[in-house]
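Multiple structures follow.
Next, two complexes with subunit A in common: one pairs it with subunit B, the other with subunit C.
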Partner chain A sequence: MKFTCNTKDIGAAVGAASKVVNAHTTVPILSNVLLTADGEKISVRATDLEVTLEHAFPAEVAESGSVTVPAKLFSGYLSNLPPGLLELTGTPTRASVKCERSNYDFHALPADEYPPLPAAQKGQRFSISAKRFRDGVNASIFAASGEEARGAVLMGTLLELENDSLTMAATDGYRLAKWQTTLEQGISGTEKYIVPSRALAEAARNLGSADRIEVCALGAQSNQLSISAQDTSIVVRLVDGQYPNYGQVIPPKFDRNVNVSTAQLISALKRAELVAGDRASMVKLAVSNQTMIVTANSDVAGNAYEELEVEQQGEDLTIAFNARYLVEILNHIDSAQTLMEFLGPLSPAVMRPLEPAEGANQMYVLMPLRQ
Partner chain B sequence: MIAHFDIDAFYASVAIRDNPELRGKPVAIAGSSRRAVVLTASYEARPFGVRSAMPLYRALQACPQLVVVKPDHLKYRELSKAVFEIFGRGGRVVEGLSLDEAFVDFGERSVETATTLAQEIRSEIAETVGLTVSAGVSAAKMVAKIASDLCKPNGLRVVAPGEEANFLAPLPVSRLWGIGPKTVPRLHARGIETIGDLAELDDVKLRSIFGSSGSEMRDLARGKDDRLVEPERKTKSISTEETFEYDVTEEYELLDLLREQARELSASLEHEGLYAGTIGVKIKRADFSLLGRQTHLAQPTREAKRILEASAHCLSRAELHGAPVRLLGTRCASLVFEAPLQTTLFE
Partner chain C sequence: MSELRFEVAGCEGPMQFFSGLSKATIAHAYLFVGPQGVGKKTFARQLAQSLLCEAHKDSLLGYDGICSACKQIGAGTHPDLMESSGALKIGERDSSLAFGETEEMTARDLVRQLSLQSYAGGFRIFILGDVDFATHHAANALLKFFEDPPASVILLLTSATPGRLLPTIRSRLVEVQFSSLSSADVQAVLTTQGYSPADAKLGGVLGQGSVTRALAALDSGEDNPRTETMRWFFEVVNGEVPQANWVTRETLDEGLETIKTLVRDWTVLSIAGRDAPILALDAEKNLRNLRALRAEDATRILMRITDAQKLARTNVSPTLVAEMVRMHLSPAPSAKS
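And then the complex of A and B:
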């Protein structure tokens, strides 16, 4: 193979693909990215067998073919090149790069040993504006579990489709994020996909600047999902399992609520958390007389007391939360005011933007701490 | 000389001490949850078959008149501190094994002086803290521990230097340190019933049973134990491990053992009033190479189910791919006294 391209194009493509590569893989070829020259474009592909990312960019192809190069090494090299043109010649064992007056030979592995693309059999598909997709991913995936020991299901984010409604839900068992929107072009019937959250993060990062995103189930059992836009596609192996019935734990109604300034509450919580120490970062919120008092204390650090003006409806309440969880939720609420709804000190509490973003519904459930 | 002290039925004794009406009655300390287990049973409850780690419902079946008292871990820690202060008086070296159990080093003192000291310590604890303590005195750690076990409750047993082998010989071989429930049937099958039987084995037999640690086991069986009293040994982790009789390759067998160990560790954590934030596994392959994996939990736990979930995950991360395993262990670390405060959505 032989092609000439812009250093910026190939640098961006290899940089994005190398993020998918598992640094600890024991299979040598999975440390590599696959470059394929065909027609007037080059596609760069990387996979860890769970997530596969492919990105294409234009090039002048003199000879079509493929080559695989070590991802980290090659992307490090490319990121240090000046803007300009680059010529790459690939053989099964070597990739030779010429750029201005620099000449590099990289050891390659045979391209035909690279894992083939996943099955092309297509199932249900829908499309969504890239911005809205990115909003949904940002609003939900942070609530998924980061604990491998608890299994892949809780580390995933649920994509739930019902005709033209798309819901993204994520939970680690202590908090729950739920984001819902209406699709212009939905599916017929219902589908549920548990998607590894990091694949959604990759998709939001790499496809977020596009116009629209196409999502399509792949494989005979619809056990893979392709998320693509323009020149980039991400194919992810779905998590096989039963997602917790999260709808059941969202209380249907609440008997008291508080309307509070999102920014003020975030900064009060961040200060109070410093004092809370390692006791589960416990902060107490006491609501009474249209005022919320945030307190925290620890033997080591001392006491924290913060007063906030709020709009209160219903009875007084004192409830304790892990400050980190609550701050993380509030950080994802894009509204000046947050509506917090309660049932009691040990019941799930709900937070949602008072002025929801156009075209999307967003809510969070957070379990309190025992006091 | 070394003394091993053990507070008699610690939690139950505290309950009786603070509520004299319970005296003479069968008492068990247990939580109130559906799956509560007996943490400690008073000596009056034991003839009914009530034992530590027994599910509470079974204890109540065995002894319907059982008085069940909820544990008060804060109080246990306070009293334990008072008892340990007496152990360590005069700069004595103390190695705490748990809240209610410790080795105390009497240095080069004679057996007579050591006996008097142990007696004084027991009296002082009874007078000032109001709890009875049993003690074993010997030049060897393990012998001191077995001696105190044998004279419970409220006893003192001294094994003079030179008498260790005779003292141990008639005891069942399971009393020996390092002989777990998996090893006992193997020894019985070879006709080894008592510690004395083991003490007389020749090198060849020893090696065929215990491998390279054979002569160490025989030394222990003869009462030779050079281990020192290690001061300031804070409980940093709780672990358990087991050597398989035959090397194991089947994952389900490994998981079975992890399940057993999770249950055992869950009971130990509950007994000590602790929660673990880190769970790990230790694997010795058939070629004796060691391998460890551990994982941190978002919320500390003492639940057997969560311990197993984490240890099974660690096992899968070890990527054994059917390599034969000789030994498997589970370890709980990052121990904390605070119960997890976070409530959960789905449990």
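And then the complex of A and C:
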């Protein structure tokens, strides 16, 4: 293979792909990125066998073909090149790069040993604006479990499709994030995909600046999901399992609610958490007379007391939460005011933006702590 | 259509068993049981390759070696085939790390891979060679998958000591027995691995039905445990008290097997005469120079070595086991004089 391209284009493509590469893999070829020259473009692919990222950019191709080069090394080299043109010649064992007055030879591994993209049949597909997709990912994946011991299902995020409705839901058993939007181009019927949250974060980072994102299920049993935009695509293996029926933890009705300033509550909780640190970050919220009192105490650190003005409807209430979880939820609420809904001190509480962003519904459920 | 292959020496029984199955009737988990070095892992790898091979075939066994799946298996990059060997630890670590970001495979890695859908849309195959769970946590992390396996997952476990597996796991596996190979089979395998006819013949005898043992015996390096074991043996039976440098947790069992062979040959030479055929051809000269061994002493020593082999599979200090064997091999004071 032989091609000439812009150093900036190849640097960006290899840089993005190398983030997918697992630096500690025991399979040498998976430390490499695959460069394929075909027609008038070069595609750069990297995989850890769970997430595969492919990015294409234009180039002047003199000879078609493929070569694999060590991802981190090549990415480091490219990021230090000045703007200009680069010529790459690839053989099964070597990739030679010429750029201005520098010549480099990189050891390569045979490209035909690189795992191919699954040539699976395509299933249901939908498209969504890239910004909305990124918003959905940001609003939901943080609530997924980070503990491998709790299983891959809870480490994933559920993408639930019902005609033109898309819901992203993630839970670790203590909190639940649910984000819903209406698609311009939906699917017919219903589909559920459990996507590794890491892959969604990768997709949001790499595709978030595009205009629209196409999502397509691959394989007879929808084993994989392709998320693509313009010249970049991410193929991710889906989690095999049954996602918990998260709707069961959302109380069907509430008997009191509080409208509170999001920023003020975050600020108060962060201060109170410093005191509550050694007691599972437990803070108490006491709502009474249009006031919320945030308290925390510990034998070691002392006592915390914060007062906030709120709009209260319904009876008074004292409820305790893990401050860290509550702050994390509030950080993802895209509204100056947060609506908190309660059924009692031991029932799950719901938080949502008072003025939701256009075209999307956000909702968070948090389990209270026993006081 | 290219010719299909499936070549595992001396495994006619398992081959017949799997030939009678189809992709629809194959069970979700098998335990290949048999001595070390008889082809259990080789069979498991070739069975996995047969199941993943894209070539059309009437039987379950056989792969073409040239399709995309076979090439990926050859390169170790097939996403639907995972292989681990030895003791599995639970693998608690920072959850921000991606799958496989440790040098060794852990039970958590396996659980994660078992939880993902197939890459190519077919079977997902997991080979756990010489399977052993370092802790109950590791075993329990995988138990759910043995009880209720995900669709299209096939687990192939191999073990020379199946008794070490939890009964709850073992009861979920279909056991397939692999017996010791014939000398001719071992010789054939060594020949295909490039050994000269003379070395292959010697390996066939010394291997005693195990290719692993034959390879260890043919290893002529200075730190070869077999050479070291034989040196220790002859010094002991000649009344010396040498350092047991060959003794480690990993080499003890193999070393005791070598000593057993040497005692067997010593007995044969003592009873049947100096011209009797022996197994340890590489120690022939030393064996023929040994004093005669009485039949009752030979029986006693062989029984004690068998006891030591049992102890070697427990948590007893390897050095103590070797010392016990040394005491029984050492000549009585009168014989020494």
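Keep in mind that, in the parts below, the second predicted complex is superposed on the first by the 370 of 371 C-alpha atoms of A that agree within 3 Å, B and C clash if a C-alpha of one lies under 4 Å from a C-alpha of the other, contacts with A are read in each partner's own complex, and residues count from 1 in each chain.
Going forward, a contact is a pair of C-beta atoms (placed from the backbone, for glycine too) under 8 Å apart; a residue touches a chain by one contact, two chains touch by 3 or more.
From a predicted model like this one, the values you see are computed outputs, not experimental measurements.
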Subunit A as common anchor, with subunit B and subunit C clashing or fitting: clash
Subunit B versus subunit C as contact partner of A:82, first or second or both or neither: neither
Subunit B versus subunit C as contact partner of A:149, first or second or both or neither: both
Subunit B versus subunit C as contact partner of A:189, first or second or both or neither: neither
Of subunit C and subunit B, partner touching more subunit A residues: C
Touching partner for A:174 - first (subunit B), second (subunit C), both, neither: first
Intersection of subunit A interface sets (partners subunit B, subunit C): 146-149, 151
For the subunit A and subunit C complex, residues of the former touching the latter: 22-27, 29-30, 48-50, 110, 112-116, 118, 120, 146-149, 151-153, 155, 196, 198, 219-224, 237-241
Subunit A residues touching subunit B - in the complex, by the definition given at the top: 145-151, 171-176, 244, 246, 249, 279-280, 282, 320, 322, 346, 348, 365, 367-371
Contact set on subunit B toward subunit A in their complex: 279, 295-299, 309-310, 313-314, 317, 338-347
Subunit A contact footprint on subunit C (complex, rising order): 68, 71-72, 74-79, 91-93, 95-96, 98-103, 108, 111-112, 114-121, 141, 150-151
